[in-house]
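Next up: the structures, one after another.
Next come two complexes, and both contain subunit A; in the first it sits with subunit B, in the second with subunit C.
Entry: the complex of A and B
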């Protein structure tokens, strides 16, 4: 177990360096004056030569690229990504300000998707091959192919424009500060509904499919036959023997879906003007705010990395084959 | 093997229909220039016309014919979907083959590379590359290709690990074939089936991402018509021009679903247990 964990963490550190090298290389291969990377395009024209020289010194821009990378990396390992070119505030501060908003959306979406998706997967595994189950499978498959921005447009059109029962976009209403506590709560809740639905439906399909196939895989195995042979009831087999073992691959799925969730946040937050990390990234790209783009890219990749390490550790605890080194590779 | 797979494939009506649907889409895209419809012709006297005899799918706020724009959009979506997937299949198969065939250091490096790429939120990377370099068809294809090869690489690596010591590979080696020949002539054709499945899902994915980028205004540059950009224009007309939202979205959805259904059915048809 110890050796496995140590190796997993060493690989994670290596992967983190890979992430920083990839991000740095990518951003620095964008054509343009490197000074404008740090102070923005608007700033550069109005500045005297001496100031630009000072900026170059400050950001080590007169050094060769690999040295620049090391300076940037020194900041990155302590989560210091410099200052935004838009408002000169530290990038990290901006990220930590928006990230909770993105988390709120995604945790809600994840909880709903898992809560409904896993039981649906159970049901599908139990009725596998029957007509109703096959129809449901096709339905979920189609759901998964629906573009999220299109769904969002319909939801806005129906619930906000036509029926007028839910807010069109934003996190709170304009008059939020004049409301009492109860109405503030309901106001926030109402603003959650449409973005969460948009994030949830595709995930629901993924969870249903994945838990179905995990469960079907388990049901085929010998110990299930043994349980049946010794006379355990069908319900006991499914709930007690099969589900427990099928939950293990679900842990991995959790780690794997995080980058997709963050990706989805860009679309959903931009459409619903949700003030989170996805919208921050979109705005940073549009404004060519390179420090923020680099910071957010590394930060989100780091979140994914930590989640996958966490999932692997959980997996190791749950599955003795991994822990004892048999399936470690 | 292929004949049997195809027979199993055809057993699903939905999948057969999906193949026909994609075929029709492809024909429309190929012969688009022969329909004398101009996707960019502005006609301010016919703004926001609902679907009627002259304009079967209506017009947008500049009086452009939505049918013409949709046909052009099919060209954009299918071109990007197919070429981006081709790029990712080439990169993924090559890296996967090298990792699986040589093992050891090569395998280690490719595996670490896959880990790094998988950590990035996909859309962040694509959005960043496309918007910062210059939004164009080529940039989108390259960005998609460079970021979505990991599945293909994993499948090919896995297959190669399984078959590299098979008798036919040993026979080729014994008869003095060079590594490149063994990899490309003998092993790759035997590892291609899961790649085709993955490529079918890949096309669906690429079309979805391209339309998302265009919808966000960071994809194919305006005024080029793509399904995503028609929807993006429709955002401001959401209250009354339902046809601007319905048709392009339906086109994206059905095309993506068709490629997904094909991939899914093909995977099942390849699995001998499905009989």
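Entry: the complex of A and C
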């Protein structure tokens, strides 16, 4: 067990370095660099040569790529990820400022998508092939194919502009600082509604279809017939016998979606002016803000690695065989 | 399905239950046209500012905020003439190299200390220091002669330049003086991005990244007091969201996208409280031709290609009539604009004849013109770059592509993101590119077309070189007599239009929506609403609560 953990840990570190090397090479091999960002910023004013040289020196752009990576690594091991090319603030400060916003938004969206999507999947599996189920499936498919920027603007138009019951944009209202605790909470909650719906509706379809197909597969197996034969009610069969077995592919899906927690909501963040990491990532890549891109990569890599460990634990919880396998090792 | 409906109802009622009483819509603006003091103006920023340090500022939005926090050395007025700012007067030596500024003796920083000539010297040093990376001003003060720049007394400074330039005085509008006793401590580049000590009519109350910036009028401001008490900048990236916020009266002003303008600006309900403004600024859209490309080096070919651009269709279909055709480098609002230079009209037949006279005909019948040589046969084809960020840009290059195809010219459209495009263009690794310029108030196009300004030195990525144009630009930027200077630019306008280093496509107008409770809004031809004097500092709020 101990050896297994050590090995896993070493693999994780190796993967981590692989990710940073790959991202570093990738972002540096894309045409354009911080100098082109500054040239674009200067507009019609020409940048003096000395200024360009100063920018290059500052970001070590005049050094070979491996040396640049070592510079970055030297900073990274001391948790110094440098300063953003865009606004010169420390990268860690920028990320820690925005990451919680994005995580709140996306975790809420994932939770709601799963909360509604899985029961819908159950229902679909039970009524599989009937007209109602087919209609629902088509409905979800249509929902899935709606472009999210369009849905966002449409929701905004109805709930914020026409009805005026939900805030238009932002994470809190203007008078947030003057509110008592309860109203602060509801104020934040209200600001969550539209962005979360925009993020959720498509995922809802994914979860519903995914859990339905997983369940349908399980329902066909012999032990379900056995369960029915012993007289268990339909609900009990689905909840106790089938769902638990269908959890494994769902956990896999969950694990796969976790990297999107950081970067998956750029459009929603833009439209609703949600000050999150997705937008930060997007802007950083557009500006060739190497330090910020690398910082966010590290954050994503860490979260993904943690998530894979977490998924393993969940597997063990859902499937006794995994636990047995561990014990036998 | 029923259950889903039930959930939706629950959700809705939850929203209603949690919703607080919204602020009632403000009373209809009074007709009274005398300025009032007080009130709050809510402006929109498309992108958060990068820094509050006016020397290292690098975006238009930084300047929008700096204009409230600082009083520049000189302002330009509505007609682009320099007027006193921090400097109450100035003298320029006969040779045009020495500027003697008298600072306003009453001027103070927001921490109460007086603005001294030594602060001006400190700021100029910071602008000239490459380590500051002062992208917006370093280029305009490259000829600064620091060793000969002297503080005469507390309120007088002589600023020296190595060469005399006609537009140097106007460039002092971008010089915002920072206090040496504050900004000399720590790291100039890193430590003053989120705090500020300015000398302008407003001070910073708070800044929340990507949300808002709140400014408050200074009680002890030394110059003419502006009317509005509080300025709030709301950061809203998305144009659609900003438009909705304007409709809901959550913000007072925003730029409006062309399609929204077309759909909404005649709506009678909106017109009751939104003032729709449309005006031209010093900017234009153009196709740059790479003069180093053997194919595009011929100005007659460039002219023929320009004749294939469907300017009228672009103006009517793409911009819904809110743009105008261009005859050359200078826009009609500029004194440098020569009205006698004709616009190149859309004429595909004429273009084909011209191309035929240059030896380009369709010899092999494939629909694309070629030079007919058996050996080294070349087709008339080029790659046209466009930026991914601009929706109208993408549509325009497609229109150009379709028109050119009719004339037998093959255009391959390549859409690139900004940084990639900039790198390719500045390395000369392109054939044609659809871009736009925001021009300075001074018309000098030296950086764009002078043969000494090939990248990375300048912005002449069209690699245009014409001795006559060089001579005109050299003379015009040194000519201190305005009427002689005008003559030089009128001639330059002709020369550039003849040579077609760019195909000048259109000048698109800026479209703005402003809440009618905001009064005193005036437009400067060329600069638009902001960054001139009084400009935004002359606005007031009609329904401001009276103190």
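Note that in this section the second predicted complex is superposed on the first by the 229 of 329 C-alpha atoms of A that agree within 3 Å, B and C clash if a C-alpha of one lies under 4 Å from a C-alpha of the other, contacts with A are read in each partner's own complex, and residues count from 1 in each chain.
We adopt the following convention: a residue touches a chain if its C-beta (ideal position, glycine included) is under 8 Å from a C-beta of that chain, and two chains touch if they have at least 3 such contacts.
As the structure is a prediction and not an experimental result, all values here were calculated from the model.
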item	value
A:141 touches, of subunit B and subunit C: first, second, both or neither?	first
First, second, both or neither for A:153, with subunit B first and subunit C second	both
Touched partner set for A:239, first subunit B, second subunit C, both or neither	neither
Subunit B versus subunit C as contact partner of A:161, first or second or both or neither	both
First, second, both or neither for A:9, with subunit B first and subunit C second	neither
Subunit B versus subunit C as contact partner of A:83, first or second or both or neither	second
Touched partner set for A:263, first subunit B, second subunit C, both or neither	first
Which superposed partner A:310 touches (first subunit B, second subunit C, both, neither)	neither
Subunit B versus subunit C as contact partner of A:71, first or second or both or neither	neither
Dominant toucher of subunit A (residue count), subunit B or subunit C	C
Doubly contacted residues of subunit A, that is, touched by subunit B and again by subunit C	30-31, 153, 156-157, 161, 270, 286, 288
Touching residues on subunit C, where the partner in the complex is subunit A	1, 7, 11-12, 15-16, 18-20, 22, 50-51, 56, 58-59, 130-131, 133-140, 142, 189-190, 193-194, 209-211, 235-238, 240-241, 244-245, 247-248, 250, 417-420, 422-424, 426, 437-440, 447-448, 453, 456-459
Complex contact set, residues of subunit A against subunit C	30-33, 36-55, 58, 83, 86-89, 97, 116, 136, 153, 156-157, 159-161, 164-166, 168-171, 183, 186-187, 189-190, 193, 270-273, 275, 279, 286-288
Complex interface listing, subunit B residues touching subunit A	14, 112-113, 115-125, 127-129, 131-133, 204, 208, 211-212, 215-216, 218, 228, 231, 234-235, 238-239, 242, 245, 249, 252-253, 256-257, 260-261, 264
Partner subunit B, residues of subunit A touching it in the complex	11, 14-15, 18-19, 22, 26-27, 30-31, 138, 141-142, 144-150, 153-154, 156-157, 161, 259-260, 262-264, 266-267, 270, 281-282, 285-286, 288, 293, 296-297, 300-302, 304-305, 308
